[in-house]
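Next come two complexes, and both contain subunit A; in the first it sits with subunit B, in the second with subunit C.
== the complex of A and B ==
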């Protein structure tokens, strides 16, 4: 089989970055994030996953829905749908699965969210298979594989000599043909290695059966596991599948006699205090235990019931980032244990 | 002059509407009458009792409200809005001629066709009466289609009772009765005093061939249902409309879930049998 050389890949990325916004894992003050890069040398070919997921490319932490211009009794709204074609490079299998879960809710369930749908349509996703699993990764426990090419347009696998290229969609093929120019040093022959080298690490978690969740809804475990939760929401912000949002208007600078605003939506999370409070002041999830339970149930029970797939990819970011070491796999293990030994 | 530049139908961008009138309904409660412009009039040419819409106070934000009007009575869209937060405070500042945004109509509705021929007991608590007014108007405007109509209307204080100028019409319609109650009366009050549950127990409507419709705070819904059970009503006879501070209204923002249900797209109208099967309590 053929692979492309490292230099061919970097040339490809350089040519692409000249014409399109190219978003790739890149170190920003020592933190690995998906950010726009201007040349291939800025791309971090790191084995580790970026701290935040590529969710923010399609569903930004703050997104303008439309702008509002007020001038006397004149009022004008300007819709601000994404219009720019772009490429995201280096998306791992877990994050590709995250996009598929967001697609199920944002696009496949009518009415489609026009902002997310437009950005998805305009973006070509280049995946990068994982060669090894990270310490907190548990994608394999959820039926994923670190070298699964599905959910991306082009899937790459890195080897010493170069990159194996697997074209998954027409969109991927179009991008390949558009920028990848044949050269003398282009192809090398090599038999591919298959599989992630480290996909057989000890079992971190057993996914509870669906019928378990209703039985444990009122269990005392929720107050216990949430006792140290700070309701800081980092778990949701780093999560490739969490998608709750808030909407509000913010004022922009304007010329004299005019006022300008933008209606924005920004990430929110069900673990936040008062998230579910109603206008009348009532809050059916006033306690931290109730809120953490909602997050867990959403991922493994509610979302699958509504959209036919988990809202968790096993990426492990929430475990890495929780300031008080709440481990979602420990909670899942506890659910199974409480069920077995009540 | 107003215009809206959109590329296609975008459920997040509101229609523009002009405030045709703003009336005081009660203490800190106003009735906003909205005349829709651009595509809004078409979108709202048909909507049903129980549905809701988002009202934008441009520059502050938007919030969901039960629609308080029916298209049969008026081409003007009406909302009863109590001043509680930033959006409602801004909406209260607006006056006739000011522009608001409207998204909707959203959510399901009361199955008025299934109520045909049935006796109807309607219980509204405070601002919770707003989304029930279209039910009242639909029944009064099609009086022969429904059986006996009992309205139990409550508020904490007489100043918080809404649509007081319509009570005469409601109680004088054929085969209708209206019972009012407040928790804390003032000197002029000459109706019932006490909770709506006490009034319900006193009026004691028969469950025979009847349905109930309740909207109010969660704690009111809970205790009203206890009384209804004692009176012999079965959960499938009892309909409620639930509230949440939603953000999108189209099943995306995640704010309004109760268990795996989303109030915005699965509701806001539910049978109590459905509510009883929710994994998570509305309380």
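== the complex of A and C ==
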């Protein structure tokens, strides 16, 4: 097992932060968020999961797709693709799975999204294995494990003596070789790997069979489970896999005789009011029950059918943050119950 | 009889007699967290609870019921004139008064179960509380609350008020003593964290516009982007629209996933309005002087 000492890791982080944008979990007024850090001391080696997922690094809440300059009859478009190489540090297994779900839609299915794809290519992801599961975590119930190293370029695991380093991709190896000297920074540890301890009882989840979903589309349960829903967007924005967006052209200040616009793409959420409202005013998802159903169906039925994997990683953020305790695992249990005892 | 048992008994009585078609109250949800509950049948009243974790301001659901009728009619086919009962704390009742003053709620169709309140615990709604846990802290709004008994009710539960609660003076000095540029820096840093999830607006009983000014499809006043300018405009605009209406339930701040100190804005404006107009929202079912001053100019100091 290859280990890196604590001081070597912090030196590595310091060196990286000097050369390229280093994004890592960091406390901002008590809220743990992925933020660009300037030195290792700003990195939070926290067990808790950041409030938002690293999704925002690759699929930012606002992204300029291109700018438009209009001068008389002349129209000029400038595409604004990401160009910066960067490193994201401390990504947990659930969030790495979230990225693979985003990849399935944004990259693996033609046409690939050039913005997301470019940012993915330019970014090296350093993962950090979880030592225990949180109160609302249910990744293990979806076939994931808190110490799963897949989906990242380098996977670290914290031990008393230092960090176990598991290189997963060539990109990860390149990054490692750029900063760390073999021998000086690494040592072979003999202590046995203690592995992930599961301190809490995992939330039990029973995934309904695919054929169940169409049968319950019109079921009365949706209006009931959504009764207390506030139609805010916390669940979708905190989710590592939710990727709905809206696109709009907005005007920018310009010099006389010229007009400038930018085409922006911003996060959107199926739980909000008027999410599906169309020109003319028709809204096929006018009720919050219909919108909450959409959220559930998307994660466990529509997305898997189209992209071959769930659009949920069991990170539990939506359960933790919902102001009115709408619990996605409770809804899944309810689906199974309604199906068994209609 | 415990408070929960009293609530259950009254709810069962009203539901069975047909006085109300639905009771909006609290229940224990998953992971030991307290959440809003809608009860339609006498046999379901056992779900209802009331304790120091009942933080939600349930009046936020009332405009949905009384205005567009979207809530509950879908599932339970309530008659258009059906009455509804609601469990409220003294602070929540002030919101009912504002809603009545603004014609958003029909008092005749509303039955209010008012509960004498000793305060709600910090962290309520976000985690489980266990009996043996040592010291709890009350929420900030509760530490400075002067109203332990509901102002309006159809049925009152509880009588004495815990005397050992220390009332804290409203203290906003920390922010107010900053220079203008320091204060701007502070607030812009706060607004910068906002993710425009609109949980603050959605949870607010008084943010009940059918279409929000800050979310127009044509970006007339505020763009769609998540920039600090858009977010500042939304938060400051919302604070002004709530001035003279906000009853200080602080739900906006509780639900904010990014920890924005939203209530500071509302509390500062509430102070100003009390000084200028001698007015506290929600004490009576009335229209705020800030929105009705053109007819009553003699009220201007």
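One rule holds in what follows: the second predicted complex is superposed on the first by the 327 of 342 C-alpha atoms of A that agree within 3 Å, B and C clash if a C-alpha of one lies under 4 Å from a C-alpha of the other, contacts with A are read in each partner's own complex, and residues count from 1 in each chain.
Everything below uses one rule, namely that a contact is a pair of C-beta atoms (placed from the backbone, for glycine too) under 8 Å apart; a residue touches a chain by one contact, two chains touch by 3 or more.
Computed from a predicted structure; not experimentally measured.
Chemist: Should the superposition on subunit A be reported as showing a clash between subunit B and subunit C, or a fit?
Modeler: Superposition check on subunit A shows subunit B and subunit C fit without a clash.
Chemist: Is A:246 contacted by the first partner subunit B, the second partner subunit C, both or neither?
Modeler: It touches subunit B and subunit C both.
Chemist: If you stack the two complexes on chain A, which partner ends up touching A:267: first (subunit B), second (subunit C), both, or neither?
Modeler: In the superposition, A:267 contacts subunit C only.
Chemist: Which holds for A:47: it touches subunit B only (first), subunit C only (second), both, or neither?
Modeler: neither
Chemist: Vertex at subunit A, arms to subunit B and subunit C: angle between C-alpha centres to the nearest 10°?
Modeler: Computed from the C-alpha centres, it is 90 degrees.
Chemist: Considering only the touch criterion stated at the top, classify A:29 as touching first (subunit B), second (subunit C), both, or neither.
Modeler: second
Chemist: Which partner chains sit in contact with A:325 here, subunit B, subunit C, both or neither? Use first/second/both/neither.
Modeler: Once the two structures are laid over each other on A, A:325 reaches subunit C alone.
Chemist: Going by the contact rule set out at the top, does A:106 touch subunit B (first), subunit C (second), both, or neither?
Modeler: First partner only.
Chemist: Check the residue A:75 against both partner chains and state whether it touches subunit B (first), subunit C (second), both, or neither.
Modeler: It touches subunit B, and subunit C stays clear.
Chemist: Just to be sure I read the superposition right, which of the two partners does A:224 touch: subunit B = first, subunit C = second, or both, or neither?
Modeler: second
Chemist: After superposing the two complexes, find the smallest distance in angstrom between C-alpha atoms of subunit B and C-alpha atoms of subunit C.
Modeler: Once the two complexes are overlaid, subunit B and subunit C approach no closer than 5 Å between C-alpha atoms.
Chemist: If I apply the document's touch criterion, which positions on subunit A are contacted by subunit B in one structure and by subunit C in the other?
Modeler: The overlap between the subunit B and subunit C interfaces on subunit A comprises residues 246, 248.
Chemist: For the complex, which residues does subunit A have touching subunit C?
Modeler: 28-31, 33, 51-52, 61-62, 135-136, 220, 223-224, 227-228, 230-234, 237-238, 246, 248, 250, 264, 266-267, 269, 272, 286-289, 319-321, 323-325, 327, 329-330
Chemist: What part of subunit A is in contact with subunit B in the complex they form?
Modeler: 65-66, 68, 70, 73-79, 81, 105-106, 109, 111, 113-115, 213-214, 217, 243-249, 251, 259, 261, 263, 265, 268, 270, 275-280, 282, 284-285, 294, 297-298, 301-302, 305-306
Chemist: Mind pulling up the subunit C residues that touch subunit A in the complex?
Modeler: That would be residues 29-31, 33-38, 56, 60-61, 70-72, 74-75, 125-127, 190, 193, 195-199, 201-203, 219, 223-227, 251, 254-255, 257-259 of subunit C.
Chemist: So in the complex, the part of subunit B that touches subunit A is made up of which residues?
Modeler: So the residues of subunit B touching subunit A come out as 1-8, 10-14, 16, 56, 58-63, 82, 84-85, 88, 97, 99, 101, 127, 217-219, 243-245, 247-248, 250-255, 257-260, 262, 279-283.
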